[in-house]
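When the chains are written out, they are named A, B, C, D and E in that same order, and each has its own residue count from 1.
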Amino acid sequence: MLTIPIETQILFAGILFFLGLIGLLVRRNMIFMLMSIEIMLNSAGLVFIIAGNHWKQPDGQVMFIFILTVAAVEVAIGLALILQVYHHYKTLDADAVNKLRDQNSK
Amino acid sequence: MDVFFYIAVAIAIFSTIMAISRRNAIHALLYLILSLLAVSVVFYLLSAPFIAALEVIIYAGAIMVLFIFVVMMLNIGLEKSMEKKWLNPRMWIIPSLLAGILLVVLFLALSNVGSLTENKGDILPKQVGISLFSTYLLGVEIAGILLMAGVIGAYHLSSQNKKVTHRFLEKK
Amino acid sequence: MTETDFLCLTPFLILALAPIVIMLVISIFRNYEIVFGFSLLSLILAFAALFFIAPAIPHSIQPLFIIDMYSLFFLGIIFISAFIVALLSYNYIKRLEGVREEYYIILFTSTLGAALLAVANHFVLFFLGIETLSISLYILIAFQRTKDNSIEAGIKYLILASVSTAFLLFGMGLIYTAFGSMMFSEIATAISLQGPLTSLAITGFGMMLVGIGFKLALVPFHAWTPDVYQGAPAPVSAYIATVSKGAVMAVLIRFFFNIKGFDDHYLFIIISAIAILSMFIGNILAIRQQNIKRLLAYSSIANMGYLIIILLTGTNKGIQASLFYLISYFITTISAFGVITLLSNAKNEAEMISDYKGLFWKRPFVAIVFTLALLSLAGIPITAGFIGKFYVIFEGMKAGLMLLVFAMIISSVIGLYYYLRVITTMFSPAGETTLPQITFMGKFTLAAITISILILGIYPGWLIDIITRFVGL
Amino acid sequence: MEKSTFIALLPAIPLFSFLVLALFGNKLSRKATGFIGAGSIGIVALLTLIIATEFFHSLPQIKTYTVVVWEWINAGNLKVNISFSLDSLSLVFCFVITFVGFLIHLYSIAFMAKDEGIKRFFAYMNLFVASMLILVLADNILLLYLGWEGVGLCSYLLIGFWYKEPANGYAARKAFIITRIGDTAMIIGIFILFITFGTVNIHELMQLASAKWASGSSIAVITAALLLCGALGKSAQLPLQTWLPDAMAGPSPVSALIHAATMVTAGVYLIARTNMLFSLAPVVQFAIAIIGALTLLIAGFSALAQHDLKRILAYSTISQIGYMFLALGVGAWSAAIFHFMIHAFFKALLFLGAGVVILVLDEEHDIFKMGGLRKKMPVVFWTFLIGSASLSALPLITAGFYSKDQILWFAYSSESGSLWLWIAGIVGAFLTALYSFRMIFIVFFGESKTLPSFNAGKLMTVPLVILAVLSLIGGFVELPESFGNFHPFSKLIENVLPVVLIKDIGNLEILFQLLSAVIALTGVYLAYIIYFKKPSLSASFNHSHLNRFFEKGWGFDKLYDTLIVVPVVWLSEIDKNDFFDWMNIGLSKLALLLNSLFSITQNGKLRWYLMSFVIGIAFILTFMLYK
Amino acid sequence: MILFYLIAILLGGAFLSWMAGRLSAALPRIISLVALTADLILIVAFVLQLDTLNNKWLVDLNADWIPKFGISFHLALDGLSLLMLILTFFLGIISIIISWKEIKVRVGFFHFNLLLILAGIIGVFLSLDLFLFYFFWELMLVPMYFLIGIWGHEKRIAASFKFFLYTQASGLLMFIAILALYFVHGRSTGVYTFDYMQLLGTQMGYTTELLIMLGFLAAFLVKLPVVPLHNWLPDAHSEAPTAGSLILAALLLKTGAYGLLRFVVPLFPSASVSFAPIGMLLGVVGILYGAKLAFAQTDLKRLVAYTSVSHMGFVILGVFSFNEIAYQGVVMQMIAHAISTGALFILAGQLYERTHTRDLNKMGGLWETAPVMGAVGLIFAMASLGLPGLGNFIAELLILLGAFKANVFMSCLASVGLIAATIYSLRIVQKIFLGKKITDWKFNDLTIREKIVSASLVIIIVWLGIFPRTVLNTAKPALQKTLEVQKENNNDNNKTESILDLRFKN
């Protein structure tokens, strides 16, 4: 079994999480944003696995399963919405989808 | 065993970086799948073989396929030139900086943990299963409802309108 | 699973069964009225079920559920609010083109999610509840998929909510790592055993704050609110503003009071800062707003800022105050959105302030309802909002939170400005806009809400007594 | 009915007729208006006579009648009644007010006959008489103040009677405001009196003051000085004299009644009434004498340079009141009152005469445009001549001689008197003679320049004649020691006011009298030379700067303009819109600025929102861990 | 119960006239007139059947409202409130009569608001529970805001906003102060209550007392108003319809003065004493600055509004003099100012109705056209400059006299205000009625209805001037009690706590 300290493991999850975050902030294509979110959710699940392993409890894994489920649903709805956005706006650029805004901001 | 962990971690990080920085959506997705596979190795090493399998099957399999399907459907390849414009190298700076700060914070927080002790022993898939269907049974049921909502929503949102009005005509 | 467990789960079962039944009905034949009627009936049943389970509580279904008076209270107001939203939605949704019955299915799943939050005693249920709620909300917001605004609001909400969920989860993960349990009560025990919070746990709480702050639309996680309120169908905006926020508030209070977050110095400062920022930024953003839905969104940001002051009082009385405030905020918001809903039609959403020009002279009844709602939001006497604010200030002062109380007062004066702007528009000389007729049911609903605003404003004693019974001293 | 209750009727009757005229004025005919207006004063005059008789009957025993009408104010220890009291001082004033007032009212019926505002006129006049009677009859100082302000109001109303001319309105406001400045000082003085003694009854106050305050103590000086300010304002003495010449904008009967005979002498009354206070403050009393002396000189010179007939009389009034102040200042109380009475006769006469002249010449005020009126209006000429003679104090035959001489004598001989005061007085007397006869010679002699448009009726001339008679014989109620030694008037007054204290300088009175008689006659003769025989002498002077300086009243108006009016107007102009408003504007600007600032963040761009998320969480986490 | 009926009649009348507004325009007017007259008769009849006015509380009504917080529905009447009540009803009637012709649109709603304001005002004058007091205090705002915002002149919106925001902001500060007082009292005695009688004599540290008092002052001084906080007033007064200006000037401002007398002085005996020099200074500044601004205005209503600022300066000067004479003066000033300024606003309204302008530079020489109006204007200009014989004189005299007892310097400065008042008051008369006629306006003099209104006001102001004892004797017991309480509690001060103790957790 692993003899790696838990800090390192969580740090790994953290790196993945923040990579996802970077992707989310940088990419304007909504599909990429959705992918980045998946990375983040996945890394959050990773933390539960790590913690579950650490405490020797199955709960972490159970939580992961739920996260997985939710991630799947989110992707499904997200993609459906992205399709609609594409139909309406003819673009996937997140910045171009800004009809809703304060009228006195540019 | 630790070596495998580090290798998997290295692959995961590398492929994630690749995934978020590719212009071609398909390439990015393939890197993402690679990353997920690497993470599933980590799961396995963290005595969660069942989860590792699920990761491969559902994440890398089902979810990513969904992505690929949509990418294909929208034929995003056409927007490659746009991607180039969107992905200005300078745009990486601030997000990376912010994420960096957060990572440093997390790192420092972890370095303060100190007294975490390692327990030995395994969590068997059976335990997970039992827990899932006893302790968390209600959670599973709720997840079912959630999925149902998702299905209905996905159906409702993705179905096209029968009557097509041009969007300019819809305006007030 | 014992009998008591089942008994206690009845409201949830009803909420879970209702969408399935509706689906079955739809699969046989689509009839809007039947679905609508059935939905109302189910909500009434769910509400009625609360009375049956009352004798059995407090009861907890380990480890996920805890059903006590407190959750019962929240369930009650969630069900009532959902009921009123459903009632107000009738015409609005009916006028849409294409399929409409799904709306009620999703309304049920979202209500279920909200209800689960009220009884959550575990991260799993917390997470599942919040997700059931969010996912349903994505659908509800984007329900008018032919409209750009609706879709745009949907995708914005989806991405932001997912990110916030990711943060929430990561935070939960860290806390789980730190304490080895996901149950609120066990975490609390662990905290009391371990002494001061470790930095890992604090990081975890901090990240959870993002998720919760997002749902409550607190600064700096507020940016979505105006866009989503504007893009979503009016009743859905009402739903987000009330049920969704109320449910999250329920779980937040339970969690926060369990872990005694108010004792932690830094958490205290952070929450104070968030509260003050929310009040000011929310109110200041609203002062030049021309769109009523956005305006109400900003107002809700500010109102949530007022409300979380209560977290820092750390007493049961504070919780009572927050409950009263929530109720007054609920009915007020619903009444405001109700007016917007009833004055909107499929083509034209009555969302610009200019649409309300001269409403006082064209539709005096609606205008009065709206005026009272706005005055209540502003906290002027004879409205429920006044007593709510009074209660919050009262408890805040009792706990010595003078800075927050003063911030609340100053920002509420700023807030007054834009409420007055709307009211002024309503009684300025009549404009050109034509407005749809309002159904009798709509009028009746509005009248009932308005009367309750007034009753709570003039004679709030009984409600306070009830709340005291539910939360204890 | 108790006789003393009649006293209350004195002010009540004109007040009542004022009400009648004010409320039902537009239903009354012009004749009825005149009848009511003048008649009410007639009744009051009659009543005064009755009361006076009663008073004289019981003279040695009863000095004061008092009647309480009702409780006015009762707050804390301040208890004030509406109550009147009558003693010999008030009686003299009442007599002058009602009799002269009645004559002027009679005259006014004719004078105002063609004016459309006749009802208003009589209403105001009656109100004035009522207020003036309240002033002199008040037994407490607050009620006195009520009358005091009431006459001020009427003065304001009547100066601005012909309201369509903005200059009249200006003059009216000037009069009101300047007197109000004095009044404000006076009310502070009243405060001091009340706070110290806990009562406002004049009699009690004087008793208490003399019992409790040391002579010359600072509080007494301050209080006396404050009351003096009120008197200065009302009586148009230095430095508050500037309003009176302008006040001539009102109709002539008004000038006669208010700005010559009665109201302007209220200051004299006040000082006389509160004489004990002034005795306690010798500094102030001496200041009164000095002010009187200065005023009479300054006004005398100014009168000499005027072109406007009524302005000459106005300056003359100021000057004559200066004499009264001089008398008060040297403690010659009864002399002051005596001069007041005589002055009322001849100055009313002069004003009424001037009124006739001006009226028949179609509102011509400039004396240089008049001339030769002697033949055309003999009655006016003779009465005017008598008045002027009395004013100039021509010896023996005129009443003015007796009253003025008494003052001049006391100015030197009384304990606080001095040679300088006497010199000022005698120079003033010379000036008086000079300007009085300047008037006579220019207006009534020489060639006629303007022709009268009509002849004055009986109603106007009869009062003139009566007043002329009074101006001649009025002086015989008080004859100097050197000449008859007959003192019923001062005996009467000395019931109330202290006797003048004389320095031991031997019996020089006759010398002084002779001197002043000579001076007066010299003045007349000089006037004859300069203004009648050799007008070229005066003509050269007419255009000199000094003349203009005198004509403008020694530049006081200009001084006050630059010192007070200009700054006040400037002050009100610079901050017309209330700079505190910037506070609001600033706040709302700030809010709007913040709004635009925050609004930038609400630009609808998803990635901005995400960024705010991340920045927020970065802040929170960094703070929580490393604060 | 009579007190409750008074409020209930107004509320009922308000709703009735709103409803009746749909039927006809005259009905709401009649209904509100009847309601107010009924109230007036009720209160007068009640007073007449009393044996004596010497008891502090003539009638006392106490019922539970929100017992959990110690909030009760506590109304009580003493001489002071009695006077204010009668004044309110009387001016209420007047304001309805003067709006008879002026208000042509939304008559029902207009009267609804009018009666609601009046209900709020009498609530303020009657409440003896601080929470209830605040409740009524705020209740006045909204209808007033409607009144200005709907029926006002050109810049009505901005004015109504300013009015609302100012009063609301200050009101909230008072609210905080009320709560602070509640807690301080509750902590020291264990009795948590908003009841005025029980809160009297609360033991507290000096700093605490001062801070709490400042909260109360904020509300009252804004309402009064006192100079740096007065900006809402000229706008609100000049933009409101005549009835609105009348009620604002005559009644709403008085609630501030009433609050000072009823709450600030007895509740905070030592803090109010130490605040007195500042208070008096504020008064003097108000008197002079208000007069200065009044002089500069060309808008008639604005001018009158600034004279209000000036006159209300006397009130605060008197309140902080702490003696009976000054307090009697304050009460007189409240009433006399209500009548005189109210009358001037009515005059401005009548002129506006005829000439459609409020610009003084466009007027002039109107005496010829409208002598009766001129006479009325003259009388009230004289009242406003404090001419003896009219009510304002008594008020200002008593205040200055009282203030003189307390602080000679301030009183002397304030007396300068009398001169300033002369300057601006005469300017009013001059600019409108005297001088040359600039325009060729032809209009009628006062109608019978207007004459009745003006005559009644004139009679009252003269009555107040020559029979002030009617007012003085009525207010006397209440004022004496107030001063007694103030003095009593001022003596036994063992104050150790400070405001910092306000924070507590159990």
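As a working rule, contacts are C-beta pairs under 8 Å (C-beta built on N, C-alpha and C of every residue); 3 or more make two chains touch, one makes a residue touch a chain.
In this text the structure is predicted, and so the values were computed from the model without any measurement.
Any chain bridging chain B and chain C, meaning touching each of them, is among A, D; the list is complete. Averaging C-alpha coordinates per chain and comparing to chain E, the farthest chain turns out to be B.
Taking the mean Cα position of each chain as its centre, B sits at the greatest distance from chain D. Chain closest to the overall centre, judged by the mean of its C-alpha atoms against the mean of all protein C-alpha atoms: E. Chains A-B form the pair joined by the most contacting C-beta pairs. Separation between the centroids of chain C and chain D, computed from CA atoms only, is 79 Å.
Chain centres here are Cα means. That of chain D falls 38 Å from that of chain E.
Separation between the centroids of chain A and chain C, computed from CA atoms only, is 25 Å.
Separating the CA-averaged centres of chain A and chain E is a span of 63 Å. In chain D, the residues that touch at least two other chains are 595-596, 599, 601-602, 604, 606, 610-611, 614-615, 617, 621, 625. Each of residues 124, 128, 131, 135, 138-139, 142, 145, 148, 154-156, 159, 163, 174, 177, 199, 202-203, 226-227, 285, 288, 417 in chain C touches at least two other chains. Chain E has no residue in contact with two or more other chains. Per the contact rule defined earlier, chains pair up in contact as A-B, A-C, A-D, B-C, B-D, C-D, C-E, D-E.
Residues 1-2, 5, 9, 12-13, 16-17, 19-21, 25, 28-29, 32, 35-36, 39, 42-43, 45-48, 50-51, 54-55, 58-59, 62-63, 66-67, 70-71, 73-74, 76, 79, 82-83, 86-87, 91-92, 94-96, 98-100, 102-103, 106-107, 110-111, 113, 116, 118-123, 127-128, 130-132, 135-136, 139, 143, 146-147, 149-151, 153-154, 157-158, 160, 167 of chain B are the ones that touch chain A when the two sit in their complex. The part of chain B that touches chain C in the complex is made up of residues 105-106, 108-110, 112-114, 116, 135-136, 138-139, 141-143, 145-146, 148-150, 152-153, 156-157, 161-163, 165, 167, 170, 172. On chain B, the positions that touch chain D within their shared complex are 94-95, 98-99, 101-102, 105, 108-109.
Looking at the complex, you find that chain D touches chain E at residues 22, 70-78, 82, 120, 142, 145-146, 148-150, 153, 156-157, 160, 163-166, 169, 172-173, 176-177, 180-181, 183-184, 187-188, 191-192, 194-195, 568, 571-573, 575-576, 578, 580-581, 583-584. On the side of chain C, the complex with chain A involves touching residues 123-124, 127-128, 131, 135, 138-139, 142, 145, 148-149, 151-156, 158-159, 162-163, 165-166, 169-170, 172-174, 176-177, 180, 182, 226-228, 230-231, 285, 288-291, 294.
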